[in-house]
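What follows is chain A paired twice: with chain B in the first complex and chain C in the second.
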Partner chain A sequence: MIEVRLFATFREGREKIVYFEPTKAACPADVLDELGIPYEEVAICLINGFHSGLRDAIKDKDVLALFPPVGGG
Partner chain B sequence: MAEDSRYIRQTMLPQIGEKGQKKLAQSKVAVVGCGGLGAPVLTYLALAGVGNIRMIDDDTVNLTNLNRQFFYTESDIYQEKCKKTADFLQERNTKLTIEPLCERLTDKNVKRLLAGVDVIVDCVDRIETRKHVGRAACGFRIPFVEGGVHGFYGYVLPVLPGESACLECMAMGTIEEKPPIPALGAVAGVIGSLQAVECIKILLGLSHVMYGKMLQYDGLYGEFTEIPVHIRADCDCQKFNKIVNDESHMQ
Partner chain C sequence: MKTSYNGKLARINLSTGEIKVEQLDMELATKFIGGRGLGTKILYDEGVATVDPLSADNKLVYITGPMTGTASPTSGRYMVVTKSPLTGMIASSNSGGVWGAKLKYAGWDALIVEGKASEWTYINVVDDKIELLSAKDYVGLMSEEADEKLKEAHPGCNVLNIGPAGEHQSLLAAIMNDKDRAAGRSGVGAVMGSKNLKAITVTATAKVIEPFDADKLKEATKACNAKIRENGVTGGGLPTYGTAVLVNIINNTGSFPTKNWQESYYDKADDISGETLKDTYLVKNAACHRCPIACGRVIKVGDKVVGGPEYEPLWAYGGNCGLHDLNAIDEANMWCNEYGLDAISTPCTIAAAMELYEKGYIKEDECDGIPLTWGSSEAIVEWTKRMGEGKLPLAKLMANGSYRLCEHYGHPEFSMSVKKQEMPAYDARGIQGIGITYATSNRGGCHVRGYLISPEVLGLPEQLDRTTTEGKAQWCKIFQDLTAVIDSMGLCLFSSFALGAPEYTALLNAGTGTNYTPEELLTVGERIYNIERLFNKAAGMKPEDDRLPKRLTEEPISDGPSKGQISQIHVTLPQYYEVRGWENAFPTKETLERLGLSE
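For the complex of A and B:
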């Protein structure tokens, strides 16, 4: 399973953590499509703590973390 | 009561002691931004006895600041934040050297504003300024503590240049939030206080600074989440020495 951790406003109306079968999520863009999150709203996309592009491959047991911009001061 | 007693409740900590307190007194910190995050950061650094505090902000006080920026009163509206902040801090600790710089930090003045400090605390509200702060800090090899808030959410990320991931390692900085950004004072207080703690730990040379970890706070869930973050091999943070040392770009 792929573990998807959502942060900040991405959690609103969704779960904090969502799991996907690897067959249903080949890349972060697939996960965003499933969750209804527009690509342009993603400020940070990490796979296992490393920066990732939205079309980079994800595999079984990966942890995907998605963040909207949180830049206020 | 003798002045020596001011810090007694923290010098009794084994991690600080008289030696650590002297270290704090001799330290120099730059805080960029005197807003919602800057208020708790600056307050706790000044009260802890950080001897030299430089603050950078070109903004003036307006009414919408007063839900979270506790340095200012209604009678301060239209006044320069930096000067009001300096007065607030100096009244609470007359022994400190407080240096208010009422100007916007840009790539042109960043060297003059930030070089030579021991730690930088980034409390700005614009991604563009965050980039300037982060790049300069990486170039000067100065540890810095990032913090950001959005409504009930916030994060803290201490960065040791060359050794731990910065925001640009995670490609943050490509999306600018449209102002006004939602802000709750208490959440800014949580995040700013955490930034101050990390800054003090760095100044004291304590271990366990949260380098390589982004701490996310979710006020709605009442939850902290620690996310390990890694340097991106092709991040420009590895190349910034050249940029900040190029005198032709810097004042």
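For the complex of A and C:
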């Protein structure tokens, strides 16, 4: 399974963590389509802790973390 | 000529009681802007670098910038500049709220405080009148209570003060203003305490600062406000979640120092995140003077409504102490504000003490019934209060920071500090560029002197690979120089998520009548960074002080997404010196000449 962690406003109306069958999601964009999150709302996309593009490949046991524009200091 | 400077400073000698009005040297102001830059230049020229920081010879400069109090967005900032008793080098601690703007409205660009009062004193500023009054009725009070009582004595004033930690000269003591805003770092509160100065109250009749060109400033402000509103971070993320939203981001990159940096991923981080804070204890957000961002948190702690924790204390009391009890962190953070303690260095010192306890160097009988155990809610709350009181022997030691604590027990390597000041909440093993910022920060371990987290993690202004070293030295220099400009103008660093050098240039030129280009303004920032370095050199800084703790260069991250990574500072530091035009950590003759700093 692919673990998808959602943060900040992406949690509104959704679970904090959702799981996807690897066959249902080949890249983060597929996950966003399933969740109904517009691509342009994603500011940070991490695959296993590393910044990734929305078309980068994801596979079984990967952890995908998705953030809208957020920051601080 | 109209200008957003007042053109006037007050020099207040607490030993003699003499108060002198001085004209602002406009040539110096143009070269060093104000705030952090001008404050450092004044102290450097007056020979403060070589004094004992807790003696009457040290000076405290409370200094605004030319944009403080103007219509510019985030114009509520001021700086406390002095020689730090924690690092022995330059201290310039920035704070928001409204106190700084009020000092400006009262007609002053800066107050320079010298000497030492024979009894506890406070300074009362009412427009152009300044008087010294007895603080005997306020000594010993917590910061918030002293604030309220001083407001009763001077209705309509804004209060800057120290709490009990500053009174007993804890080297982690902050200066508080407007109750929960802090000039937090480098022990500036101890310097105030060493002078027997409890507070500065300011009452101002004026409510505006007339700039050089009101129309141009209005136009520049409008453009900046639009950018701040439209930016996802300043217009959305920060107002909604505050800085606390970083907990989950940084943890998910495996760069969230845990248990005094022994680990760097905390599996319970979500319990102490900005998202959880919003869903539990948050009452509302709060804004400093003229701030369209409003990142401040107002929260419930029991039946009290108080200023809430930023990302840094959430991390430092949380993951770094192995703890996920958000309520306890909120309470400990409240005690930092009440006692007037740095809410980064205080919990980081508790984390270091927990490691010393875990490894058997601190004994149970030293703990007076509250063991320093990882994850103990009671320990973080009670040891914060004990450090604030400074009475129990171990607490008194801890109140002087992790370096002196760990050195006392023969293990300075457990102090996760640079120049004896604790590093903040980003592991420089997992995020390479921020390590350069930490190592070369003139005020010691600090993230807000060149916030490379912005490009390395948040993707602003563009996404860099956090694990690589290439180009990071150049990025670090530009961020450090731009930050020096913002800190000197009297604006908030957070505005820079949305604004860049062209916007700051437009604001400054409209405010003061300068004709800087963005490139020239960055050179002013570079000059400021270099004058700080000259101050440190005169104060006795050595090249080896630009170093990271051994843990970051010798112990790879043990687990989590950044497992195996280690700081490459040995690669980036020489690159940084080259980019800066420094040799062995200090500016070359050519660099000083280029920046107009030759003597």
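Assume the second predicted complex is superposed on the first by the 70 of 73 C-alpha atoms of A that agree within 3 Å, B and C clash if a C-alpha of one lies under 4 Å from a C-alpha of the other, contacts with A are read in each partner's own complex, and residues count from 1 in each chain.
Keep this in mind: a contact is a pair of C-beta atoms (placed from the backbone, for glycine too) under 8 Å apart; a residue touches a chain by one contact, two chains touch by 3 or more.
Just so we're clear, the structure is a prediction, and the values are computed from it rather than from any experiment.
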| item | value |
| --- | --- |
| First, second, both or neither for A:Thr9, with chain B first and chain C second | both |
| First (chain B), second (chain C), both or neither touched by A:His51 | both |
| First (chain B), second (chain C), both or neither touched by A:Ala43 | both |
| Contacts of A:Pro69 with chain B and chain C, given as first, second, both or neither | both |
| Residues on chain A lying within both footprints (that of chain B and that of chain C) | 5, 7-9, 11, 16, 43-44, 46, 49-51, 65, 67-73 |
| Of all residues in chain C, those that touch chain A in their complex | 231-233, 236-238, 240-246, 248-249, 252-254, 270, 274-275, 295, 310-311, 447-448, 451, 453-454, 457-460, 463, 465-467, 493-494, 497, 560-562 |
| In the complex with chain A, residue positions of chain B that touch it | 33, 35-38, 122-127, 130, 147-151, 153-155, 169-172, 174-177, 181-183, 188, 216, 218, 220-221, 225, 227-230, 232 |
| Contacting residues of chain A [partner chain C, same complex] | 5, 7-9, 11, 16, 43-44, 46, 48-51, 63, 65, 67-73 |
| In the complex with chain B, residue positions of chain A that touch it | 5, 7-9, 11, 16, 40-46, 49-51, 65, 67-73 |
